[in-house]
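Each chain gets a letter, A, B, C and D, in the order it is written, and its residues are counted from 1.
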């Protein structure tokens, strides 16, 4: 048996669902999940579909047929993924270790079905944590003057390890445009505020100063605009005047861990689709 | 233009989605919403679909065609509703008025697109509230000895006013089996606990005694088993040891109001479907 | 028996709690609630205390003694309130009626122990709602040119009805500085976003555009800086890409109602205390 | 400087707060936190107080004085703890590793200021995880016939390592009464349901069967009545009909981790106090 995941967005038109489902049915495939949405404002049709074929259907011939019969006539932006393929995930860290411990613990506990071939850091600080979990650790220091070299080294490592997407697990450096362009909608960041509130540095300090009663965390795809990429997941927790900035930082850690892990899981399961700087999240 | 909502459940089989969507497409209908789910454990296929036809498609001929071409061959349990039809909702109350004020306020504010032709109560107590909102109020007292007469009077009033479904807005009497059978999955109750915890009487007292840190409310369809009907919606709120039973009751009121209102809205929008004592809630 | 509520903030010093509790004890009072907090950053001590005296203790002589023995030596900002006194609350509305229905329903249902002697609106639109609940309604139109006259009329009405504080229940006009100065920390607004995100006009439109996964509402005291006053209460609800702006507006209504009602309740119960543009909320 | 935490419960009487705060003040101590609560129903006074002394105040002489001057006359149940003392925490596990990874990750990341001198398990399965984090691992198998020996071995290990309290991190064996009596209110369990709903085995299966819309997790002190001990913390997450039992288990893991960690933190910070099978949680 072979399983596939299909993601589409295209100009909305009558009959698309019928055409796509017939396409699967005619090849003796069974649809096990379908979810669609019409963005009425922009007249865009969006769909996610999971299907199974009893025989070992070839993904390349499926793609070819889909392209000719449907994608071209309907001007679709589309992807077909094998449901079994395991993604290769990179992790970027600096000194904060709570998200890293959380991700590695989840990986060991079987919650994140990916390979993790590398951890990259601008500090030596977390090497021993990486080694505890038997994951290769690469120290790529970043200074005022070595940014182009560091970017080159990052790209080299990511390519060498065939990384599909990577995660900024509280990585405290700006990602340069070149890297973003090489991994569009494939870099996942966790920001420690309820975006768009408190974008930028030191959000817990700003939240404390403003006297908010709730703090949050936001996971988003990284774009060239800092903290403005398409949001994948957010969550919040209540605070009160009794909490110091240190308390906010501590309470926020649990949010950061959970929100980042959920966003990664959605990405792995091919449940996200980005257009117009928004993330469609299929559930 | 005419709009319809289609709800289906049937034994799972390959090709159902393709068949149903083609059925709509072939009649020049456009699908504006589709959501499906396969209950793998029981091998049951469930679907909700909204479609539009540019012409004034006749609902009866549509039903006839659907029945012949799809429902019979696929052994479907199914419903086709006109999306424009306004439901007629009854309200049962006793003495608590918070849910009643909330529902009537929402109705006036345009949030609940139904007609409300009657409020039935076992007390005179809330007549003036009903009159404030210009809704006919019927006092049907209930005593140890008049239960069969009261049930008869209820049925009479519900039929006379062509009630489609009714809501127990903190109505403090058991609904007799005859009434439940006459309105299967069409009686919505609000229970003031997080079911199945604290079923039965005085749940806030029990929650207080147990020292829980969170209380809840549950809206469900009424079945012959008290507080065991299919759950439509639940929500919770945090409490602490500082809250007395009176505080729980007060905090719970907001939960009851919101949870009941959400459940009613889901029912009105034809977003619920019941089988095996569970409510599928399409979103 | 007489009950009082005491609110204090002052420079932090050792021994304040002991001094204040002894002051009550020496007058044969019993403390039934005490909560304090030290703002370490600013070295400010904050306290709320409820106490009971078996005899009919005179509030004025209590205030006099407190002032001499404690408030002056410790440089306290302080208030002593009779716990029995009923506040007089005004309501300002425009055309949106959901918060108004909610507040009036709660008032009728006994949840808000205040008198409501007036509703002021810049439109005639909600007069019948006010009358349904037997509350005097005053239409004070606002145009580009009559703002000083409108403000004068507002002040006149508020004073005539001895209003203690008033609530902007989705009132769509800016409150002029004169009115704010006359009612410092006594004007409660509900803003339909999770402040500081989406301050200003049309927050649901902005939230939709940004693609957030959670929306919120914020109740705050009104200051001269629009949407920047001290926050009393906030809450949130999850949304998804499937929700249109209209859906956000609808979902947001329940948030606005609940958040505003909670903030009002905290104010009525004398559980809020403002300094440095933050609201201490005792629970 | 020396810091202490004081926990009290006793029959309610006028003047207790004043007496206790004067006791601290007269010894030149400064109160940095005070929270009290009167259980009106049972007429019980409860208090938590943190205080600092500039000199190296001796805890034993403080206890002696407190006992004579206050605890005896007011019939107090009381504890005075040094705020600096580090507790020694044991962990019991079986085969599930997600809570264990979470706790050990938090410990490494500095979130749990305790010593962890031992991990005990009825399986060999998680030895390598314990070793990864350099924590001694003891395998104490449990069979139908060796229960008394296993209990003896547990007690021996706990005493040998001077364990102050221990945590059942999804430990799948019943704790015998002897062990519970030796560690009253010092054994913390995580139950994977929103107690009292779904007590006992396989709560996710029961939640699935009942069709609830929200699942939860509960951390509580262990008593002789299974799943009926005083609740420390609870939390919930939304589910829908689309989630299989496997999904519930996966979603529940995050709840279990966070709820257990919060309960442990409250215990470590001496913020819990138990009486009448309820946990007072100071915040």
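Keep this in mind: a residue touches a chain if its C-beta (ideal position, glycine included) is under 8 Å from a C-beta of that chain, and two chains touch if they have at least 3 such contacts.
Here the structure is a predicted model, which is why all the values come from computation and not from measurement.
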Out of curiosity, which chains are bumping into both subunit A and subunit D? B, C
Can we say the copies subunit C and subunit D touch using the same residue numbers, with more than half in common, or are the two sides different? same
Would you mind checking which chain's C-alpha centre is most distant from the centre of subunit A? C
Looking at chain pairs B-D and A-B, which one is connected by more C-beta pairs in contact? B-D
Please work out the Cα centroid separation of subunit B and subunit D, and write it as a whole number of Å. 41
Counting only Cα atoms for the centres, state how far subunit A is from subunit B in Å. 38
Subunit D: positions in contact with at least two other chains: 240, 242, 283
Classify the chain contact graph as line, ring, star, complete or other. complete
In the complex of these two chains, what residues of subunit A are touching subunit D? 97-98, 101-102, 104-106, 108-109, 111, 129, 132-133, 240, 242, 250, 253-254, 258, 261, 283
Which residues of subunit B touch subunit D in their complex? 37, 39-41, 194-198, 210-214, 216, 230-236, 240-242, 244, 277-281, 283
Mind pulling up the subunit C residues that touch subunit D in the complex? 14-15, 17-18, 21-22, 24-25, 28, 30-36, 38, 238
